[in-house]
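Each of the next two complexes has chain A plus one other chain: chain B in the first, chain C in the second.
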Partner chain A sequence: MKKNVYVYLLLLPGLIILLLFLAAPLFSTVFRTFQGNEGLTLAKYIAFFKDSYNRGVYIRTLKLALLTTLIAVILGFPTSYYISRLSRRARGLYIIFAVFPLLTSPVVRSFSWMVILGKNGILNSILLKLNLIEEPLRLLYNEFSIVIGLVYLFLPLMIMSLVGVMENIDEDLIEAAESLGATRREVFIRVIFPLSIPGLIVGSVLVFTGSITAYTTPQLLGGSNTTVLATLIYQNAMSLFDWDTASVVATIMILTTVFVTFLINKLSSRLNA
Partner chain B sequence: MFALLVYLFLIIPLIIITGAAFGTDEYLRFPPQGFSLKWLANIFEVEMFVRTFKISLEIAVLGTVLALLVGIPAAYGLSRYDFVGKNFLQGFFLSPVLVPGIVFGFSLLNFLIIKYEMPVYTSLLIGHTVIIMPYIIRVISSSLENFDYSIEEAAISLGASKVKTFFVIVLPNITSGVIAAFILAFINSFNNVPVSIFLTGPGISTLPIQMMSYVEYYFDPTIAALSVVLMVMTIILMFIIEKTLGLSYFAK
Partner chain C sequence: MALLSLKNISVAYGKNVVLKNLNLDVEKGELVSLLGPSGCGKTTTLRLIGGFVEAKNGRFVFNGKDYTKIPVHKRNFGFVFQNYALFPHLTVFDNVAFGLKQRNIPKNEIKKRVMEILETVGLKDYADRSPRELSGGQKQRVALARALVIQPDLLLLDEPLSNLDAKLRVKMRLEIRKIQQEYNITAIYVTHDQEECFSISDRVAVMNNGVIEQLDTPQKIYNLPRTEFVANFVGFENFIELELEAKERGGGGFYKLKNGQRFKVTHFNGREYERYVKGAIRPEEIDILNEGGGKETNTLKGIIGISTFLGKHYQYVVETEVGRLLVNGSAHKRYEKGERVTLYFPEDKIVLV
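And now, the complex of A and B:
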């Protein structure tokens, strides 16, 4: 690695763009939330959390994100383990089918669930035909449809994070444990799980923070009773023109994602120690 | 078995949407009744789809080119040299991916359009350039990791200038990385919703935003047909990524 002062010149154009168009706008948004008539104040945050509607939105966002992460782990963990033990070729095929949804427009992915869960959607017509229900169920525009949409959106991310770590688990380790008399269950709990933790951490952080900040899915699959932080920012800014509240929600969203990332990382270093 | 079920969950919605795009009915259903291409043709009848498709394409290409122009030198500097504050700057260049899109979009509206009265189109382009930057830096850096810098030093010791060496030796060796970075950045810009949604104005909107407002009012198979077009586009771009970067890049 060489030392060179001119290296800063290479970085300069990018730095200027990021300072002017990322750091400055974000700072301006965060700063205005603390601005009061007489200096800095937390008044806007106190007012925000005093409102039970806002508190409800915040709690709902966290709840849905937690639920999404849990389901993604439950579905993703065994799937990823299965994929990681496959031959190179077969693994590649599974990876293609996980990456494809990942690169497909979130609008398309959310829309596909509108087609499935809608009042005249596929699920309802199947259930009606089988005479399991008499009237179409309301499956769309509620918390249920948001969670399905979010799991659908982020499951590939969880799978990719886990496969990346699990495929490096040495087959010999598993065989060694088995030949020493460990049951499959014990192998899973004492060998595979501990070695997969790094992937689990990365996947969970990505899914959880992604769910907290997702806009498209709750906008398309949620209803007026299921506002989350992201849709609350949009409503305040574009429908109510309440820029202060929108900025407060935006800041809360940033702080929450930073805090959660910090917390999960802290937890993981505890587990590893 | 379990893995197969999970994968059915991932794939079936996309199959359903494809099936629904080719039906003859006026509303979405699956399995579709009959076969017709009229919804595919109908995409081109909706003027806003055609126009916003062009805008999305323009923004994605221009934004990616801009991000490459500033991103390639930055990635080169970050992986080639050692300097004070290197770790911090590396983090800073990747930071746009950590900022929630909806927060960033709102902040740009607030700061660029309202405060500094910048045109909507310019702001949209800037927003996309910024969110694309981390993808460029990451992919280019990882392909520079595989580059043997002794070749570069050989060229310089033989009398080539640093700039010439970069263009004649380094850049041709990371072409596949540049292509992969371009495609990844393009996809992320083209599909973006949360940043774009705040940066639309009279006559300026992107395709995903237009699709979102369309499904609020209409529920016919036009969107399904459009989804199929986008999925075909994704498949082609994925093919290029596989040939350049390798799809296993995503499992890291």
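And now, the complex of A and C:
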């Protein structure tokens, strides 16, 4: 018994730092949003959602984050499966390639997408040269370019989570399924997919959380009519000095993330059954 | 015609040739074991038959059809893996039902057949458990049931018992044999445990370095090995170079040793008409006589070297004019190091290889 107390004592310094610098500000941020003139109230939230502009931003952010997560799942799954079946050495190499985008700053990455997607960008020039289009497409400063930027940014997280789980799926299981009459596709559906769900959950939560809170990418690749929650916080706090609204938006963001994480978990365990 | 034939199969991993012009015929209803030292290609042979490994050369004919290029999922072979390979996300029932669901069999029929086979392997009450909640022996039974329930045309087992303790191994191998005979399933069984292999098989294929050295009944493999490798593998530890001098009427013959001594050999295994052969004999078949000993042929003089106590007997290293031999002697009397003895080699215990 006595020993246990000492073990907890060791946790104390870390705990104090966490409480002081993370939990306390977080709590005070959340708390003030519920504070009214007389006790606790949801007035600020109701006011926020009454504003159609705010509603639009919220729905757009949610839509972009979900779309990004969905695309990351679709792109990440086959890629991760391929990587997970490689030899140990090749796997390491491919992982490094996959993670490479994470090693550069989001600003640099967004700028390179501007070079690719811009009016006189690489993509438009190629399409023009091939006579596939008559005038440059508007690929930049809209939701399309934000999603592209976000997928590019967060796909590595999805791949890493999935590879981590998939590489532990024993080759024997795949062979056993095949010997029982399953084609490659059926093996994937009946064995690989269900066994990858834990990685899928972690990956989706990471990508979703990352996308819904992303600031730089939507700011640089988006336009004036593609404001997202993170930009809204910035505008309210830094330009309008409206800390109350900024806190409300932040809290909404947190609650949405928690809620969607919960949903993803639920949905996945449903799939598993 | 054989149910299964491998014809001149070669398999290579990169430059490393693992199977070399391998030939194997298995009859319907037979259990054939692949026996051999680690790395000799047993698993590779089994995986080739299962369709997991591709042949570089040669053909695999099954039931009169060329199976060489048929994909795994169309072969209808049951495969039992060394580490069971049960699906961790499925219950025992669903593991066993996996292959049946794949075959679009109606639900109640699946249920009936799964429960039936679980009853056979003694796991009727475990249907709803997860593989995590099973012991090694139980997992092995599930793996077996899963492979059997699809009514496979061929059952392939890769060291299915090697992760179990010795007692359970004996029990399980009897069960596997019983079920195999009951269902009249043709089976190929990989193992490197001799006793297990001999007790369970109709025929044994002893493999070495990517070829089958001998395919015979367990009795023949044990008593009449045809090559030095097989002889050595089943416990013939002494090999004496012989040269044919005279054939005997009715089989057997007289042979000259390197030191001029004569041996009479009366064993038959098809090697007796070759001029230069080796006489193989087990340590326990050589008799130790006191010096002199009174016999003329089939003896060698020797000096006792190191001796070890093996429980049932002493084992001696004996130096002779034709080399070092291993000889077992009675546990009641221990010969001293340096003692001169005469070794007697019974004519019907020497096998020519």
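Definition applied: the second predicted complex is superposed on the first by the 257 of 273 C-alpha atoms of A that agree within 3 Å, B and C clash if a C-alpha of one lies under 4 Å from a C-alpha of the other, contacts with A are read in each partner's own complex, and residues count from 1 in each chain.
Definition applied: a contact is a pair of C-beta atoms (placed from the backbone, for glycine too) under 8 Å apart; a residue touches a chain by one contact, two chains touch by 3 or more.
All values derive from a computational prediction rather than experimental measurement.
Touch criterion met: A:P156 reaches chain B, while chain C stays clear of it.
Once chain A of one complex is fitted onto chain A of the other, the partner contacts of A:I201 are absent, as it touches neither chain B nor chain C. Of the two partner chains, neither chain B nor chain C is touched by A:V260. Legend: residue contacts after superposition of the two complexes on their common chain; A:R190 is shown touching chain C, with no touch to chain B. Look at A:A177: by the touch rule set out above, it reaches chain C but stays clear of chain B.
Touched residues of chain A were counted for both chain B and chain C, and B has more of them. The part of chain A that touches chain B in the complex is made up of residues 1-5, 7-8, 10-11, 13-15, 17-18, 21-22, 24-26, 28-29, 75-76, 78-79, 82-83, 92, 94-109, 111-116, 118, 120-122, 125, 152, 155-156, 160-161, 163-164, 167, 209, 212-213, 215-216, 219-220, 230, 233-234, 237-238, 243, 246-247, 250, 253-254, 257. Against chain A, in their complex, chain C makes its touches with residues 50-52, 72-79, 81, 83, 85-89, 98-99, 102-103, 146-147, 150. Within the complex formed with chain A, the chain B residues making contact are 2-3, 6-7, 9-11, 13-14, 16-17, 20, 27-30, 69-71, 73-74, 76-78, 80-83, 89, 92-93, 95-96, 98-104, 106-112, 115, 126-127, 129-130, 133, 187, 190-191, 193-194, 197-198, 208, 211-212, 215, 219, 223-224, 227, 230-231, 234-235, 237-238, 242, 247-248, 250-252.
By the touch criterion stated above, chain A contacts chain C in their complex at residues 170, 172-173, 175-183, 186, 190-191, 194-195, 272.
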